[in-house]
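Structures given as structure tokens follow.
What follows is a pair of complexes built around chain A, which joins chain B in one and chain C in the other.
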Partner chain A sequence: MRDVLVVGIGMSGLTAALRCQEAGLSVTLLAKGVGSTHLAPGTIDVLGYGPDLVESPSQALPRFIDGSPEHPYARIGVDALSRSLEWFGERFDAYRYTGAVDENLLLPTAIGSIKPSALVPESLSAGDLRNGGRFLIVGLRQLKDFFPALVAQNIANAKTPSGAGISARAVQIEPPTNGEPDLSSLAFARRFDEPEFLDAVAKQIGAHLDGDESVGLPAVLGVQHPHEVWTGLQDALGRPVFEIPSLPPSVPGMRLYEILRAQFEAGGGRVVVGAEAVGADTDGDRVTAVRVAAAARIKPYPAGHFVLATGGFGSGAIEMGANWSVREKVFNLPVAGVPEDGNERFGPRYFDAHPLSRAGIRVDDSLRPLDDNGNRVYANVTVVGACLAGSEAWREKSGEGISLSSGYKAAETIVEEQT
Partner chain B sequence: MKNVQTEVLVIGGGATGSGVAWDAAARGFETILVERKDLAEGTTGRFHGLLHSGGRYAVKDRLAAEECIHENRILRRVASDAIEDTGGYFVTTPWDDPAFGDKFLEGCRACEIPVEEISPSQAFQDEPRINRGISRVFTVPDAAIDGWKLVWDCAKATTEHGGRVFTYHQVLGILRAGDVVRGAKVRNELSGEEFEIHADFTINATGAWAGKIADMAGCPGVQVLAGKGIMIAMNHRLVNTVINRCTMPADGDILVPIRTVSVIGTTDIRIKDPDEPDVTQDEVDRMLDDGEKLVPGFRKARALRVWAGVRPLFKDARAAETTDTRDVSRSHALLDHRDRDGVAGFLTITGGKLTTFRMMAEETVDMMCEQLGAQRACRTSADPLPSSKTGKFMWLGERLKEREATMHEDQLICECELIQRSSLERVMTQRSSTILDDIRRALRLGMGPCQGGFCMYRATGILHDVERMDSWAANRSLRDFLQERWKGVQPILYGDQLRQARLDDWIFQGVLDVEHLPTDQLDDHPASDRA
Partner chain C sequence: MIEDLIRGSLDHCIKCTICESHCPVSRATPLFPGPKYVGPQAERFRTGDTSPDDSLDYCSGCGICTHVCPQGVKVAEINSRARRTLKESKGIRLRDKVIARPSLSAKLATPVAPVANWTLRSKPIRAAIETTAGVDRRAPLPTFAGRTFQKWARKHEGPKLGRSVVYFHGCSANWFEPDLGAKTVAVLEHNGFNVIVPKGQDCCGLPLQSNGLFDDATGYVNRLVAKLAPYAREGYDIVATSTSCGLMLKREAHEILGMESDDLRVVSERMYDICEFLLDLHDRGELKTEMAPLSLKVPYHVPCQQRGHEMGKPALGLFGLIPGLEVVDTQRTCCGIAGTYGLKKEKYDIAMEVGRSLFEDITGMEPELSVCDSETCRWQIEHATEIPSVHPIELLHRSYGL
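Coming up: the complex of A and B.
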């Protein structure tokens, strides 16, 4: 029997699986499909707004946790969070992440907002707007998910905390695509992996360069060899180049997924994607197996420990049915924070906080699930990532930070108990 | 803008007003139509999309039924481009009295509505999702009609006949010279500019808001009850035929397949302020339960959006107070203010239903002609609207066909509704609107399962390019759209649609960080405070 079964292959699941594996445990990663990595921009956002702009997550977090005692970070703790970020930063060789928990970078989004992120892929880092600068934003005509003029105008109007000025202009180029008018970000990324295509793009951009501008492009600079593509373009243009993530599917997220998954498999881990966990077998306060729907039958996956990394409402891991009842679909764990019937689940204004948003699985400091009375539901289950109650990750810009640190912490809990 | 001169001023850009403008312009009157928001943004854009055969009224109100079938026949000819010829069923569910079917047949025949009883098993073959407990099925010539398409085509006809259409123009006051109405003072809600429209004749076609305009003209006491009806659009065409319960008209008894969705409706609750129709959880639940009776499993389909429309129901001052607005006359009221109030050059047309909009317009313009002493024959029952000249009905596969023909030349911007970049750019240029919600209504942009999750970012970028907007305005436009959308989705977020909403949050807030876009001073006011 395997030591650990991790259900879900987003950031939190991959992290928990890798950490358990590093500790010498046998781990299987089971997932219905690819996870949050393919949707998220590939950055590790730890805390961007709390609710004001956060310049240093490590400085802001103690106070933030005091003010939000139900937040996942209050369970995980700043210490485990910091260690998880260090661990993560050291995982990469060719294609690296830069940054730390001490300070947020401010990166442009694909609409030209500036978003705080703690750790970012190297190919995004030159987009840091904290110290102002001069930027040329380049669009690719055949990519409908990026609008350079809107990005340039918005970042030029942005207020940096230091007051440093930003100047930006936009240009649209039309790389050779054999007449294909509508290429996805992934299709572009695959073309960028080809040296001839990269050369052609570099030539076109070269014709528009002026002064010492840094060059920003949509985040499609290669998926197989992102480090080579990025450095190749920087060399060709003789200046910093950076990527700006846009709508899903996220190329930076796919790179991250591929790298982490390959590391896990190289370490002997087993990955089963396309298998939906639909229930569990239990014995007293322990789960003995997760039931998986595959090939028209239900198959049990027994293990010593289980990590629930299936995501929240967004992935379908927690579901609100047509009769408004809420259910966690693998272990049927109690879902905390759901407004009582008759109370409002959402407020009237879109950008406000909404009561249902913080609903999720409540856990103790070891990330064991709790029931309404605060008692542990299962002794060998940990809950990580977007399943956790208490955050509004997309508003706080904290999603990957919570996922990474909770995956890391869950592994600590398991390893401690195992040894 | 300087003051403007015209022969006819029509106030109200719903079906009624647009129909009046079309009719007047086609008769050769110089015509201006003013609307305080976008065309068909009120009641006309918030109905279920049913072109009545008259069957619904065949037992209860034969006059209304006769009007419906008469107009149904004409509109199939002159407005074919806005109509999908779905046909309709009246079905006896286990909750309905089978004997009502006999009265229904008799009523339809008396009103000359083509009706036929078919076996339930034949109906189940054509509509396999409907309730197997249905015991009787009658076919009638109901159809689906796209209110936005219809109204925009009326506006197009108006301009082709030399008329002008001013959207986002709010009427500030009615101009009078003694006992004669001489037009209106208006404000351009987008530029803030105010000016006067001088007209020989003014027609108030403002539906549930008609009392307010009549008051401005010094014609008090025009009471229009606002009857709120909620509707829910479900993902997919759960049926391809309009399904009605064969019973006296009640709540939640109509299911209309229109374009890519099916719409369940409706309720009827009297409300005080037609500008504030809210949707309650209770109403949503009742509507979903009613849908379940027609199509078992209805609740498990994805509810995309809910909205409330406001029926204008003219109230006879002599009738007793009533709270169930369905019992108030549903047929229209044409008020001759010369007789009623001693005010000439001014008519009010209100009430009625979308199916009879053309006839209401004809009657109104006839009365105007009479008062102006200029007899000119109505053209609207003979001359098709500009987009309907071929006489072809709207067809669900149209966009797919167009997409297949141009997929190697054009980008697909809205995957749900198959909207290509060239169509989007064309409409943005034609409408010259910087409001994404207007573009949504014009093309159904963002009206599919993802509710704009993917296409609205793209549309914002394209709008910014096409309209040469500054980025402040583009940001506002997107944020206003997201707020407007939220009103229609948050009451029905459950199941997969809640999941979808979370993905959309992820895109707009997690990836794009729309809420922290730079703002200028205009943004200090919430969207709802602006025009």
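Coming up: the complex of A and C.
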């Protein structure tokens, strides 16, 4: 029997699995498919809005937590959050993450809006707009869904907290291809891994350079060797180069996934992707096994501890039926924060706050799931990531921070109990 | 009905393109636009007997799209079913009908194996086959062993042990790699199993299914499960060393051919990949772990069809029990062969391009051998790397000192 079974292979699941493994536990990581990493920009956003723009997450968090006592950060605590970020930074070798919990960088998004992030891949960091600057935004003609003129115009109009000015212009280049009418971001990333392609692109960009502009490109600068590609392009152009996250699938997200997954497997961790957890066997207040839909059979995966890292509504971990009934699909845990009948569930417009989006699993300070009366449901289950109740991560820009720190803290809970 | 579940899953597609980012074929050739395009998107335009999208024929059926989909869309299954319609509307080539019947060819060739093998190694003859039948002259065809595993099993007298397990050997172990069959029996017997080898096991029909010949495939499945079902009903587990054939009986006959028979259901429920079976034993503390060191560093390739079992990579867990053995998981998606895909003249180069990075990883390590669970993948890898490729059982057999 394995010591730990983690269900879900996004940020929170990968973190919990790696931390438990580092502590010497045998861990299996099980997931329905790959997921959140490939859909997210690969940055670690800790707290971007609370609700005003946050310049320093570490300074803003105590007050934010006071004002949101049901928020996951209130359970996790600033201390565990800071330690998890430090731990995360140490996972990386050549391709590193930069930044800290003390200050947010302001990075351009795929449409040139501005997003606060605490930790970012090195290759994104020169896109920080806090101190203004001059930018050349480069588009690749065969890459759909990235429009350099849109990005340039929007960041030129952006308001920085310091009031520093931003100038930006756009250029579209036509990299050498094999005649394809369009190429995905990943296809481009694979080509950037080849030095000849990088040289050809550098030459084309070089012809457009003017003054001391930093150069921004869609986040496709290599998938196998991103550090070498990024530094190579900086050297060739003699100036800072940065990546701008593009639409999914996200190349920086794939790098993150591959790096963490490879570390986990190299340490003897077992990964089972493509198998959905559909239920659990229990004995009193303990779960004895998670039931998994594998080919031809429902297979029990017994373990000593279980980590629920399946995500929220978006990933199908929590499901709402036609009669508004809400259920968590692996352990059938009580879902807290679902607006009562007659109350508003959704705001009127897409980008409004939606009361339902705060629904999730309520936990205690050890991240054990709680029922409506505040009693622990299971003694050997911890809940992490997007299935936790109390946050509206996409508005707060707190998703990866919650996932990383809760995964980290769940591992601490398990290791403490185990030893 | 299963058809409705498979087709209905396309409504869960959120167009995230994770499947496209993993597809090894669209990466290798612009002729295949990717699983999302020919799968959930084109499927909306497929009605009845019409198929609007010929590029589907370049899908190799590796199945990684279904495996990685975070929304549970059965992309590969949708595409396999659509391929049948496409093939039927175009007419199925004689070549596809022949290469999809390995057991038929093997029955004819085995009595004259030296001649048959010589014929298939002869360059002029292969060139003629390529011209007339469209099987690429360079493609890796297996070598007929000239003897069968069944014949060995009939003579083999194992120790009479307490518990029994059934071995589904498939065409490859029977006709091409009978030693793998014998080693599998030895490993199971060493772990206290009486191994039952039901007589008359024929092809599982998978190559026919891959080539769109669903009715013929269904006939093969029916005949095979009729041989295995009595044992499943007795409560015996069934193990398979052929990953893809095991998967055919576990799920594909049901999900792709749409078969609902009771024989198939009981066989599915009892079917285990050999490594899955052994690792489950180990997790229950029932696998012998006294093993001799193997001072080897070997690359391991997880075959596509193994992912369809939804069981992770059990061979890695078993390799971890062998002292001194260093295994490098290549993490590559596909070797390109996909059963019969890479044999075809119009697809051979695509298949070799699909596997190129895998082959480079393997040759770069300069290993004594490489390891892979699936036979057609091993033949492709050997062909491309000129380094022997073995089933994981081979390493266990060695380490047990059997």
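We adopt the following convention: the second predicted complex is superposed on the first by the 419 of 419 C-alpha atoms of A that agree within 3 Å, B and C clash if a C-alpha of one lies under 4 Å from a C-alpha of the other, contacts with A are read in each partner's own complex, and residues count from 1 in each chain.
Please note the rule applied: a residue touches a chain if its C-beta (ideal position, glycine included) is under 8 Å from a C-beta of that chain, and two chains touch if they have at least 3 such contacts.
None of these values were measured; they are calculated from a predicted model.
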Check your understanding: Will chain C clash with chain B on chain A after the two structures are superposed, or do they fit?
Key -> fit
Exercise for review: Examine A:L186 and indicate which partner it touches, taking first as chain B and second as chain C; both and neither are also allowed.
Suggested key: second
Practice item. Would you check which partner chain A:P245 touches, where first means chain B only, second means chain C only, and both and neither mean what they say? Key: first
Exercise for review: Mind telling me which of the two, chain B or chain C, contacts the most residues of chain A?
Suggested key: B
**Study point:** Partner chain(s) touched by A:S405 [first = chain B, second = chain C, both, neither]
**Key:** neither
Review point. Given the touch rule stated above, what does A:T37 touch, chain B (first), chain C (second), both, or neither?
Key: neither
Exercise for review: Kindly classify A:V271 by the partners it touches after superposition: chain B alone (first), chain C alone (second), both, or neither?
Suggested key: second
Exercise for review: Please work out whether A:A158 is in contact with chain B alone, chain C alone, both, or neither, and reply first, second, both or neither.
Suggested key: first
**Study point:** First, second, both or neither for A:S315, with chain B first and chain C second
**Key:** both
Point to revise | Touched partner set for A:R297, first chain B, second chain C, both or neither | key: second
Review point. Given the touch rule stated above, what does A:T413 touch, chain B (first), chain C (second), both, or neither?
Key: neither
Point to revise | Superposition-derived minimum Cα distance between chain C and chain B (Å) | key: 6
**Study point:** Common interface positions of chain A, toward chain B and toward chain C
**Key:** 39, 179-180, 248, 315-316
Practice item. Please name which positions on chain B make contact with chain A in the complex. Key: 281, 288, 299-300, 407-413, 421, 454, 457-458, 460-462, 464-465, 470-472, 474-475, 478-479, 482-483, 485-487, 490, 493-496, 498-499, 502-503, 505-507, 509-518, 526
Point to revise | chain A to chain C touching residues, read off their complex | key: 1-2, 28, 30, 32-35, 38-39, 178-180, 184, 186-187, 190, 248-249, 254, 262, 265, 268, 270-276, 292-297, 299, 302, 315-316
Review point. Which residues of chain A touch chain B in their complex?
Key: 39-41, 49, 109-115, 142, 144-147, 149-150, 153-154, 157-159, 179-182, 245-248, 250, 312-316, 319-324, 342, 345-346, 348-351, 393-395, 397, 399
Exercise for review: Name, in rising order, each residue of chain C that touches chain A in their complex.
Suggested key: 16-18, 20-21, 27, 30, 66-72, 247, 250-251, 268-269, 271, 283, 307-313, 316-317, 320, 329, 331
